[in-house]
Every structure is written in C-alpha cells, then in structure tokens.
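My questions will all concern the structure given below.
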C-alpha cells in the first residue's frame, strides 16, 4: 500500500515536472521565441537601458534572456516551485499567480456546479434507462442523450447567448456578477452570481449530461446482467437490497472515478464557455492571453489546468482502493482503473462514451 | 529414435524466485506413434508440461529434445520442422479459435507458411484439411466465423488446424472435456483414427481417468501431482494395479455410469483431503496420504520399478495396491 | 469484409438513426471532395447583395460581404473534414502502433511506452492544443492535424494495449505461435482483426473530437484564418454582430447546424458499428 | 400422468414451457415439461448443451434470464401453486423454500462486498429462519466445516481472493444457508476436476442424509448422475424423453434409444469403458427442429412414423415415463 501511494505520488510529480518543462521550452525555444520577441519590442519602445530591458524580461518570464539555456531552465523551475509564475506581458505590474488565483474561484464555482448537476442528472437518467431499457421512452431518452453529447458545447453557448441573453434579455451576457453589487457575503451578491451563472452552467450541463447518462446506462446494464445479481435474487434478497448493494454500488464505482477525473478535464473544457460568456475564470484568461500573445499568463493558466487534472487523478488513485477492494489487494489487477473509462466531462467529444464501460 | 524427450525438466513461471516450480524434475520419453496420457488434478502441472512440449515456453532447467536435437539449439529449417511437427489442441474450442477470423483463414496461413500449399490454392488445401476431420468444407463453410459453428464442429476445426501440418506429435490438452457426451466419443475416435493413418503420437492431457483409459488404451499413463511425476506405466497395468495412493484416489474418485458399482466403490474409498500447498519436504502427497509415515514426510521417495515400465515414487506402494484392489477398480463383477 | 458490409447494412436497416448517420457521413465526405467544384460563394458585386435573407437564388441568404452562405458551407466542408480525418488517422495510427507493440511485446518496451502514455493521458488535451496552436500558428492542415492529435492517441494506445495484453495470452494466439507463424503475421492476422472494430469506432469518434477542437480553434481565433471554413464563418458572423440582430441569424446558425448534423451523424454511425462488432448484440 | 405414489410429491412441475424471442420468431427452450420430485429425493436432470435443462432449472426459481419467458405451466410446492405468485411472494420463497446454485459460481458473488457481508444480507432478508444473525453465522460456519473451509478464511474475503473450487463450495453453502426444502443445482461439478467434483458430490450426499434435503441436480455428466441421483430425467432438444429410477435408467429398465446411446457413449474407468460408441450427428438447433420425434434423424431404431408424429410421454405403473413410438409400442405388446 505504501509502495502504491509512493508510486502514484511520484507519477503525479513527474507529470507536473514535465509540463513545467514543456512550458519553459515552449516559451523559450519555440519559433518566434517569446523572450527575444519581448526584448525586441521593449527595445523598439525605447527609453530603457539594456539592463532595464533584461530586468523587465526576467520579471515577466522568470528567466534572464542571455544566460545559458540550462541556467534559464533552472531558474525557471526554481521560480515555479516557489509559486512565482512571472508577470503578465501586457500588464507587467500584475503577477501571473495573482491573475490565476483571482480567476480560480470562478472556474471552480462554474465547473463544480455544472459538473454536479450534470452528474446527478445524468446518472439518475442512466440508471432509469437501464431499469426500463426495453421501453420506448428509454430509446427516446437514449436518442436525446446521444444527440446532446454530440453537440459541441461552444455552439450551445452561442445559441443560449443569442436566444436568452441578447434577444430576450432574460439573462446577463457577460461577467460573473453585476457591476451594481459589491462582492461579499450579501444576498444580493450571491443572487447576482447565481443569476450570471445560469447560462454558462446550462451550456455545460446540456452538452455533458448525455455522456453521463449513456455511461451510467452501460455500467448499470452490465451490472444488472451480472451473475451475482441473479444469485442475489435467488437468495431471495429484496429488490431494494439488490438494487442498492449489488447493482447500485458496482455500477456507481466507475462513475465516481469518472467524476473525479472530469473535474480536472472540465477545468480544461471551460475555455469556450468562459470565453463566450466573458466569465472571468481560468479559461477566459487563457484565451485572452493567447489572443494577446501574453505567453507568461498563457503558460501559467496551462500549468494550473494541468495541476488540476493531476490532482484529480491523484485523488482518484488514492481514494479508489478504499471503495473498491479489487484494487491494491494482493490478488487485484493494475491499480489504474481510469484511462480505460470514457470521460464524458471532456466536452462534446469524449470518445468511448458510446462504447460503454464494458468495452 | 525418440520422437520427444524431456530430461529432468523443471519450470518456474516466475524465474529467479524461490517459489514452488510448476514442474519439478520431469523426465519423459515419447516414441513415434505412441499415446502418452498425463493425468492429475487441476494445478498439477500437466498443462505446463504440454506447453513446454509444444514449445510455448522454454523450461527453466533441464532439456527438451525433439528427434534427439535439443530444442534450444534448433535454428532455421530445423526449428521450422519442429514447429510443424509438434502441434497443440486446446481444451476450449470457444477460446482457441479467433472469433474475428473465418474458418478458412484459421487453417490456411500455416499451410502456406510451411509450404504445404501455395497462396492461390490455400483455400482448397484448407478444405481438404477440414474434410479429413469429417467436416463438410464447402466454400461457404470456409467463410464462416467460429460463433456460427457448434462446439463439436469448432473442436474439429481446431483439430484440423493442428493435423493439417502433418505433425508427428499432437499435444491434446483436455481436448474433449468441454464437448457434449454424444460428440465426445466421436472426437476421441477421430483422434485415434488420425493416429492410425498418419503415424501420430499424442501427449493426451486429462483429469478424467475414464477418457484416458479409452484413449490411451494401448499407450502409457503418467500421473502428476504438484509438478512431480508420481507414477507412470502402461495404461491397463496402471489402472489395474495402481501403486501410488494418489493414483488410487484419482481412480476411485471418477464416477462410472453404473449406480450399483458406484455405491459399491464408495464404501472402500480412501478419504479425500484437498491440499492447499504441497509439503516442503518429503513426498508431495504426504500431507494428504492416509498411509503416510514419518519417512514420507521427511524424505523424497525413490522411483521404484515395478516391471513392464511401471514406475512409482512412493515409500509404501504395497498399501496403495491393496487399497486399489479392495475397491475393485478393474475387476468387473 | 463482404460479410461485414452485409451485416452493417442489416444493422443499418433495423436502426434508422444509424442508417441516417451513415448516409449523412457519406454525403459530407462527397461534399468535402467535390465541394469547390459544386459551388462558389461569389462575392460582393454590389452592396445590395449583402445580408440577404433566404431565397431561391441564395437558399441560406448571403453574408455581410455578399457571399452565398450555402455555398460557403459547401466549400468550407473540405478543410474541416480534411483536418478531422487526418487528425483521427494520425491518432489511430500512433495509438494502435503503440498499443499493439506495448501489449504484445511487454517487458521494458511496455513499461517505457506506458509511462509516456500515462503522461499524455494526464495532460489536458484541449488547453494544450490551444497553447500549441497559438505558438506554432500554422496554416498547414497536416500540422494542424498533428497538433489536434497530440494527446488523443494516448487513450487509444492504453485501450489497445490492454486488449493486446489479453489477446497475447489467448489460446488462438498460442495456436498460431505453435504453428510457427511469424510475429508480423500474428499481429496482423490474429490481433488486428480483434482490435479492428474498437479502432474503427474510435476513429469515427476521433473525427468528431478533432472537428470539435478544430472548429473551436477557429472560433477562438487561435488558428489563423485561411479561406472559408465553418468555424471562421461563425466567428465572422459573431464579429459582424450576428448575436445582436435577427437579420443575420441564418448566417450564424447555418454553419452551426452543419457542424451539429455532422457530429450527431458520426455518433449514430459509430453506434451502428458498435452493434456490428459486438458479438453479443450481433447474434440476436 | 401423475402416478399414484405412496407419498405426495414435494415439487410438481406441469406443462412448463419457456420461450425465447429470436427476431420475429420464438425459440422454445423448454417444451411442455412435466415431472415431480418427492421429498428427500435426489433428482437428476440430464441432457446435452442446448437441451433446455438450465432454462428449466431457472424457471423453477422464477429467474429465467430475459428475454426468456415462461409461457405456460404450473409449479407446485407441496400442492401449493407458486408459479403465479407475486414478486414479493417469490422473494420470500426463493432461498428459503427453493434454493438455487447457478452454474457460473465463479462470478456468483458481488466483487465489492465481502462474503460475510453477503451472508448477512441473506440472513437479514429471511429473519424467520434463524433467531439471530449470530445463529445464522454459526450455521454457516458449520456448513463450511463440511466442505473443509475455515470460516476465518472465507468470512472477510472478497470473491477475488478465493480459488474457483473454493467459490463453488461457498456458493453451495450460501444456497443451503436458509435450509431450503428443494435445492436446484445447475451444473455444480462441471468446471471442477475429479477431486473437487467428488468433494462437492460427497458434500451434497452428506447434506442429503443429514438435512433430508431434496435436490434437483442439473448436469450433462452421466457418470455423476449414476453416482448421486435416485431418479433421472433425460431431456433432449427441449423435451423430456425419459424419466425413471436411476438404477432402471442405467440398467436394463431404460427404454429410449437416445438414453441408451447416451449412456453407451460415456467413457468409463471400468473395463467396459472400452466398448463405448459415439452417436452420429449433432444435437439439433432449437430454432430448426426436425419434424416428428426430435431424435429421429440420429436414431438407429427410427421408423417412418417417427419423423412425422412427435411421440408423447407415456408413463407406466411404476412411474417410469418414456416418449418414443417404437419402445412404447413394443411395451404395449409385451404387457398385453
């Protein structure tokens, strides 16, 4: 067990390290070289000594432009390890860490709420579909779920914006809360936040509940047909007991794994919805930074998203053995259940959501 | 010339570990056109033996020789000759045929590979191979998938795949234990007739003494336990006069299709103890044997010759003989 | 192969949604190949041609520059499909190759490849694609396809590996080994037919995934605009203020409908394949 | 049909018919099967794969897997019809009155709950059987002792931690836990080697003697039948073709050519094991049954009538029943 935890921790650390490295090389060595580009642009603005320019660049990117690459790399790693992600190119007075920390709560609120709603809705629907899987209604729901999961979430966002925000003015177009309220634990503020959240959350839910429903249906059906369920019925156990302890538990296990994993992926998938609704989360800042070539903010956002995914993975890996005795027991197989499973929260795609958990 | 020889072969599935070997010091000779049956409970190493003979693994220790050549040293043409000459028929015809490959494509590629057919007439050759095992190999049949065949038909296809290469030795690993009663004898008879017409030798692996007696009536039986050969001898001799208590136990435990005889045999049965792990020292059966004495628990028994090639590893084969006699294993009433 | 097609046809006949999906996919493919020969969006000859509503001459009206919207969609099919199919092809090729090698060979090769796969599985795909696209800023469909498949292959590789692992132990593979068939033949003739169906389904879903990401890149303006495509159409419709007026709503919604119909069609067609290749369902 | 026996039958099955829809048509897996089981009797139901014996066994506990349906027939336990009871009554009945051991005992336990947990579920579902859960556990422990399994090895274990042979034994023990009147066993010895098979048979025989258990033993292995059963029912392609005392069926009393051919095809460790014979042809596909007697195409005694009219099951005074034109006619001549 200790070895298992150590292996998982080491794996997570390796990924984070790798992403930081990728991020360094992208900024430093890719065509166009962001660092020299910034240097050049500062020089062309004039009014700064070469030392000042170097100083400015190193504050923004965390590396001294003309030192050897390995030294730049080491200092970059050191900075990141201390939580210093540099400063925004556009607005050098603002640190990247500050921007990201300001954006993070909004993304967590948006993604967390949307994920919970679509998870609960989807698994409930999926379980119902599995129970009444021969009925016409099930086929209809299954059809709707398939269509919904195939539609890209940004298109739903656009339609919602167009229909409910711009045309009819039912909901606000942008922002996380109204400019008229002061942030704080006031009713007005919370109400405003919820009001602003309705559309972006809906955009998520509409496009992701179908994936959950289909995955839950597949998982439940394979459990319903499992031999141990028939045996439990032959023991004369009550329907409620069979449903809860035999079908329910076993079909929910993979869903719980997927939920934790989606948490990470939804943060990544938030870029479109946040951008369209001008919702000040991580995704919004990522796209802002991309469009304005603000590489330090861009890489900061990317690193944070990766860390979110890594943490979610780590959480699943560490927590799963507690729920599923088949993992991390001497006779158990490989620990990582994830990966083989479809991840419906990934957005409109999510290959494998059709193939079901059995595949 | 020996067809196949095992010289003190031992095998561990996880090399380098001090764990129990799947096979321990097994020596065995198979002559051309001979039937050698291997009997034992599940986990006794009989399947491992079959896989080693078929060349799926190399033994951890000891030597396997095919036509007096060590398998390890086979190269090029000789290796190909061995691959063609030793074939395997599995137990489960549902698992041994690739569900995504048609019957024709199951048989043909190896025929082409070994030069028994050319690419353009591989279909005809495959049909001929299927015909030889009693299947009506129409072109339509060649295009079918395994799931469209019955269990008996599938096992015939698996046999056709093995014998189509004109092998000299076929390892049949529980090849009939999953078949229906009415089909089983037909498949056993097919294997026996192939032996007669094609000079085949068989390593016939089974846990059922009934099937073994029928199939290996003119051959030899090897009884295995925990990877060790505890008794071997000519079929009738071994069944009539079993010398190892484990053999007696196996023989007594096979029910026969005769209620009166079953009842009678039951009265004198040896007590049945299922073993977990074998004992660390001494005879591998000593912790389950009703006749075990101190010497059995401490010292590995020697191999005793009882004449006519009947050999046993036991300290007190006499006791087993008496126990076997009293249950009237072979003397019909 | 003939049998598979016949079965596919049988399933499509009983599953209307799958049939419709298959037909739509084929139609889109035809349009992608022939599109530029069939239609031309035209251009602004006079301001009177701009922002027209649907008519016989312009079934979906015209955009603010006087281009025919329907023709733009037809012409815009090719770049979208091309990149989608290319990206899915790259994904499937790498995924299957890595998965089969890793699973069948096992040992050190497997351990090394799987570490790489694990890392790529963990890195969030979409943000990475956006970041790379922003940095490389390519106009080449091949490079774009490579960028789009940068992480997608890992999931397939993992799935194919686990299948190859169990297939390696399968008795029919043992039989092929006993017969002395060479490694290449075993992989191609024994393993591939078994993972093939899964891969085919994955391919279709990968196309939808790639198109989702690709259109998204154009929408966000991350990928440089080159000629007509659906994402660019939506993007320019929005920047022309389509969100705030009802006059250009057709211009905004038509390319979106084109994408949605294609994505849904792919998903339903993939479902038919799933039925086709699932022996349990097939036998019924 | 039902012979006048001295004791009233414990279980009566009348005209049981089970259909499986297959595309537009239906496949009749069990076709109007009637038989009875007396108290304290071990009754074997024999047949080859696809003859409907497993489906019949499932129908006895009301668990025919969908899309299969019981379309006709009655099940009576001590004269009380239970085939048309409500789901609630079925539940009370299952386990406690009619127990079942399924063929795939290897996957018969919930993989994420310990065996002990599942035993507690059984005990809680039927509180009337034992005064307390502890008493039930003690009985479970006692039963485990009979199959040479220590309770501490089993109670806290997950199914993945038990070997195949162990799971099989635990499955039988859990099915017996509620002391059912009738225990239905579907191929309980099939996947086991000779020694495990003997262990299971010894166990069942012991339980039969100690608990007075009535059993229906479904298998394709005729030697096992000859070892355990008091009475033998033989099925072929969905129909019951012969039933009678096991000694009669395996001795001179058997009549049906199929049963004779079947018994003569069993390899035996005894000397006469060398004179076995195969039956030509294969079991027919239930979707394409031959006209008349289903065994006629493979039967050496078949006459013209056999491939035209399906023979009915006819019972003689001793309770031996057979469905065959040829032997029934011969018998009639002999008896008059």
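Worth a mention:
Labels for the chains are A, B, C and D, by order of writing; each one numbers its residues from 1.
By our rule, a residue touches a chain if its C-beta (ideal position, glycine included) is under 8 Å from a C-beta of that chain, and two chains touch if they have at least 3 such contacts.
All of these numbers come straight from a predicted model, not from anything done at the bench.
Steps from chain A to chain D, taking the shortest chain of touch contacts, total 1.
Separating the centre of chain B from that of chain C, both taken as means of CA atoms, is a distance of 51 Å. With centres defined as mean CA coordinates, chain D is found 31 Å away from chain B. Inter-chain spacing, taken between the CA centroids of chain A and chain B, is 56 Å.
If the chains shown are joined wherever they touch, the resulting network closes on itself as one ring, and no chain has more or fewer than two partners. Chain pairs recorded as touching, per the definition above, are A-C, A-D, B-C, B-D. Residue ranges on chain C touching chain A, taken from their complex, read 17, 118-119, 121-128, 130-132, 134-137, 152, 155-156, 158-159, 162, 198, 201-202, 205-206, 208-209, 212-213, 215-216, 219-222, 234, 238, 242-244, 246, 249, 252-253, 256, 259-260, 263-264, 266-268, 270-271, 274. Only residues 3, 170-182, 185, 189-190, 193-194, 196-197, 279, 283 of chain C touch chain B when the two sit together in their complex. Chain D meets chain A in the complex at residues 61, 63, 65, 87, 91-96, 99-100, 102, 104, 107-114, 118, 121-122, 124-126, 158, 160-161, 171, 174-175, 178.
Contact residues on chain A toward chain C in their complex (touch as defined above): 11, 14-15, 18-19, 26, 30-32, 143, 146-147, 149-152, 154-155, 158-159, 161-162, 166-167, 264-265, 267-269, 271-272, 275, 286-287, 290-291, 293, 295, 298-299, 301-302, 305-306, 308-310, 313, 336, 338-340, 346-352, 354-355, 359.
Taken in their complex, chain B has these residues touching chain C: 51, 54-56, 79-80, 83-84, 86-88, 90, 92, 95-101, 105-106, 109-110, 113-114, 143, 145, 147, 158, 161-162, 165.
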